[in-house]
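One structure, as structure tokens, below. Some questions next.
Labels run A, B and C following the written order; every chain starts at residue 1.
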Amino acid sequence: MDRRPLLTIDGVQKNFGGLVVLDGVSFEAYSDETLCLIGPNGAGKTTLFNIIAGALPPSAGCIRLDGHDITRLKPHVRCRMGIARTFQIPQPFAALSVLENVEVALEFGRRGGRGSDVVQARALLERARLTRWMHALAAELPLGARKRLELVRALATEPRVILLDEVMGGLSPEEVDEVAAIVHGLKAENVGVIFVEHVLRAVMSIADRIIVLHGGRLIADAAPAEVSRDPAVIEAYLGGALDAAAQP
Amino acid sequence: MLTQLLLAQIVNGIVVGSMYALFASGLTLIWGTMKMLNFAHGEFFMLAGYLVYFCYAVLGINPALSTVIAVVAVFLLGVVVERTVIHHLLSRPVWQFTTIIATLGTSIILQNLALHVWGPEFQNVPYFVEGMLNVFGIRIAYQRLLILGVSCASIVALWFFLKHTRLGLALRATAQDSDAAQLYGVNILSIYTFTFGLSAALAALAAAMLAPITAVNPYMGLSPLLKGFVVVILGGLGSFGGAIVGGVLLGVVESLGVLFSSTEWSDVIAFTFLVLVIWVRPWGLFGVEERS
Amino acid sequence: MPLLSLEHISSYYGEARALADVSLEVEDGEIVAVIGSNGAGKTTMLRTISGLMHPRSGRIYFQGEAIERTRPHQLIRRGIAHIPEGRRLFAQMTVRENLLMGAYGAQSWKERGQLIDEVCALFPRLRERIGQLAGTLSGGERQMLATARALMARPRLLMLDEPSLGLAPKIVETILAIIRDVNRRGVAVLLVEQNAQLALKTAARAYLLESGAVVKSGLTAEFLADESVRRSYLGI
């Protein structure tokens, strides 16, 4: 079967003044896989993420969703087309309840503008194990629950691909597992997932494919096991192979 | 005839502008070091004006000593205000806004205090020195020359202090990177208190010089405060040199503007000038461009 | 008695836990490395030691005295110099003024002058650029200045946060050589680095941080040829 890419990142370049942050990055994302974008500090992964999400324009190159060029589209338009994103520091509508937060997302974010539906909102909350927080104010939630709410608000827009921005940061192992479970469920529904992450231990078991950025360039694009043995990746992260020969 | 008038106005503008510069350098000092805006700055100016009036006009203490008393007293007042009103706000959330409200409140309290103690009447302070100097057909009051002299001397002294003393170094370090300053031994909380007092003292010096020219009243701090912020933004937030140049420039523009229209228009001219400069250079004349 | 010891330190940013029950020791005259991938808590640890943030629980001892509640400006006087991540030079001050700030606690201007001479002997490049603004120096020169500034304080413990960041390998070698030299004169070094290979080459002992906790500690020889570091950085 001819598998068409859901999202195509083609030759993306980003310069800030004289500084080249992304240097011709290209790859494809499919709806049936979980893709993770990693790289040491300063590699450009957050910049790339923001370009895909529409928060930043690239200096060159293009982004295509199902073949349509979306490079110049604003974030809210991308949302209507099916690209949802979360934010690193979750900022729910603090004065609204958890349920109301989800209802807002259902009301305004869905394609076709179908309006909100309490039944659907509750179903989403249950999926994220947030039911017991349903009527609590979003401001009262602990970090793990807040991140799951962030995820649920994005899911409420019925995306075709969801972009997760360092969603694992600061979570306990149990909370990481909870998020992982939600992501697994998405794969079954043919929603593409693209993660940007620092916490590699968490994503290595969730990701189907890993893209490694270093110095603005793509240095690896493979399954987790291969990537973790790739000498270029090891050098990028550890500075070099660790062996007895390295002693002065 | 016109050239003489023009020159006279320019000289006047430089004189008044140098006081704007002194006043504004206090504001910019606080901004640079503490990253906050002090809305009570005009009231330090006002209280110093009253102190000079009280010491010189009422008690007959000689003007130099009166000035020193006013400056020292207002320095101490600045220290007290920082310790009581500002200090505990700096470590709390949204301090950028709470400090504005707090200093605004302080300003209202001080204005009403002055109103209560001295009444709303304008008080006159006699010139420190009488007489005029006649040069190239331009007549300049000795009082204004005194002002120019004092402002030049204090700006030089301030520059020397910042550049060549240990405390001045610490102040600059705190302004540039407060974390690094702390790591190298600077007690930044003490620096904040000192900076606030120093800033108040600068406003006090400006008031002592200007009191004989503009009359003393409880609301005399309002217009300078507004103009002070104009100067600080014109010169670039945090730039000491910018405050000086901006102040003198504003003084000259105002003086020349008054020539061609009337005094009521002086504020309009000043602010129009500011808007034009900011339109072209949003970060001010000497400010540092911020890249988003 | 160790020069520096952390006992069960936990630090938080709001509710997010950045350090979880960290214990660590540095003996007089040692070079100790702390490695770990990005976000492991290395910078938080140094900031907690130097007082820029306070731990929620645990104790820190320096030369036997508890310092976990001490304010940062007092610690340099006790002998702890911290070169923060990104160097944090005073960019609008000259090289000379930055060095003077290092000796802020010195007793006299004469002493400060002597210290500048001593430190410029170690870093001749800085002598050449003594009147230049720190913001105009190259990356390597900036790291040299940051190190020199710290040495001006005559520390007993030098803490460096990612000195190799953004520098070419050759320059990093120079900096490390100077650090080794300084260490030979009796200054203990706590070297925090993301670049594990570099850190393990330089130090005698190391700690591996992961998600705010110490997952491995010991002699650097034990770290080499051990899968645990690679697994910690890369997840599997």
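Assume a residue touches a chain if its C-beta (ideal position, glycine included) is under 8 Å from a C-beta of that chain, and two chains touch if they have at least 3 such contacts.
Values in this document were obtained by computation on a predicted structure and should not be read as measured data.
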Excluding subunit C, joined-chain groups are A | B
Quick check: more C-beta contact pairs at A-C or at B-C? A-C
Central chain (distance from its CA mean to the mean of all protein CA atoms): C
In whole angstrom, how far does the Cα centroid of subunit A sit from the Cα centroid of subunit B? 52
Mind checking the centre-to-centre distance between subunit A and subunit C? Centres are C-alpha means, answer in whole Å. 34
Could you give the separation in Å between the centres of subunit B and subunit C, each centre being the mean of its C-alpha atoms? 42
What residues on subunit C touch subunit A, complex-wise? 15-17, 37-39, 164-166, 193-198, 200-202, 210-211, 221, 223-226, 229-230, 232-236
Taking the complex as given, what residues does subunit A use to touch subunit C? 40-42, 142-143, 169-170, 198-205, 224-225, 227-228, 233-234, 237-244, 246-248
Spell out the residues on subunit B that touch subunit C in their complex, using ranges where they run on. 166, 169-170, 172-173, 176-177, 179-188
Touching residues of subunit C toward subunit B in the complex: what are they? 50-52, 71-73, 75-77, 81-82, 84, 88-93, 97, 100-102, 104-105, 149, 153
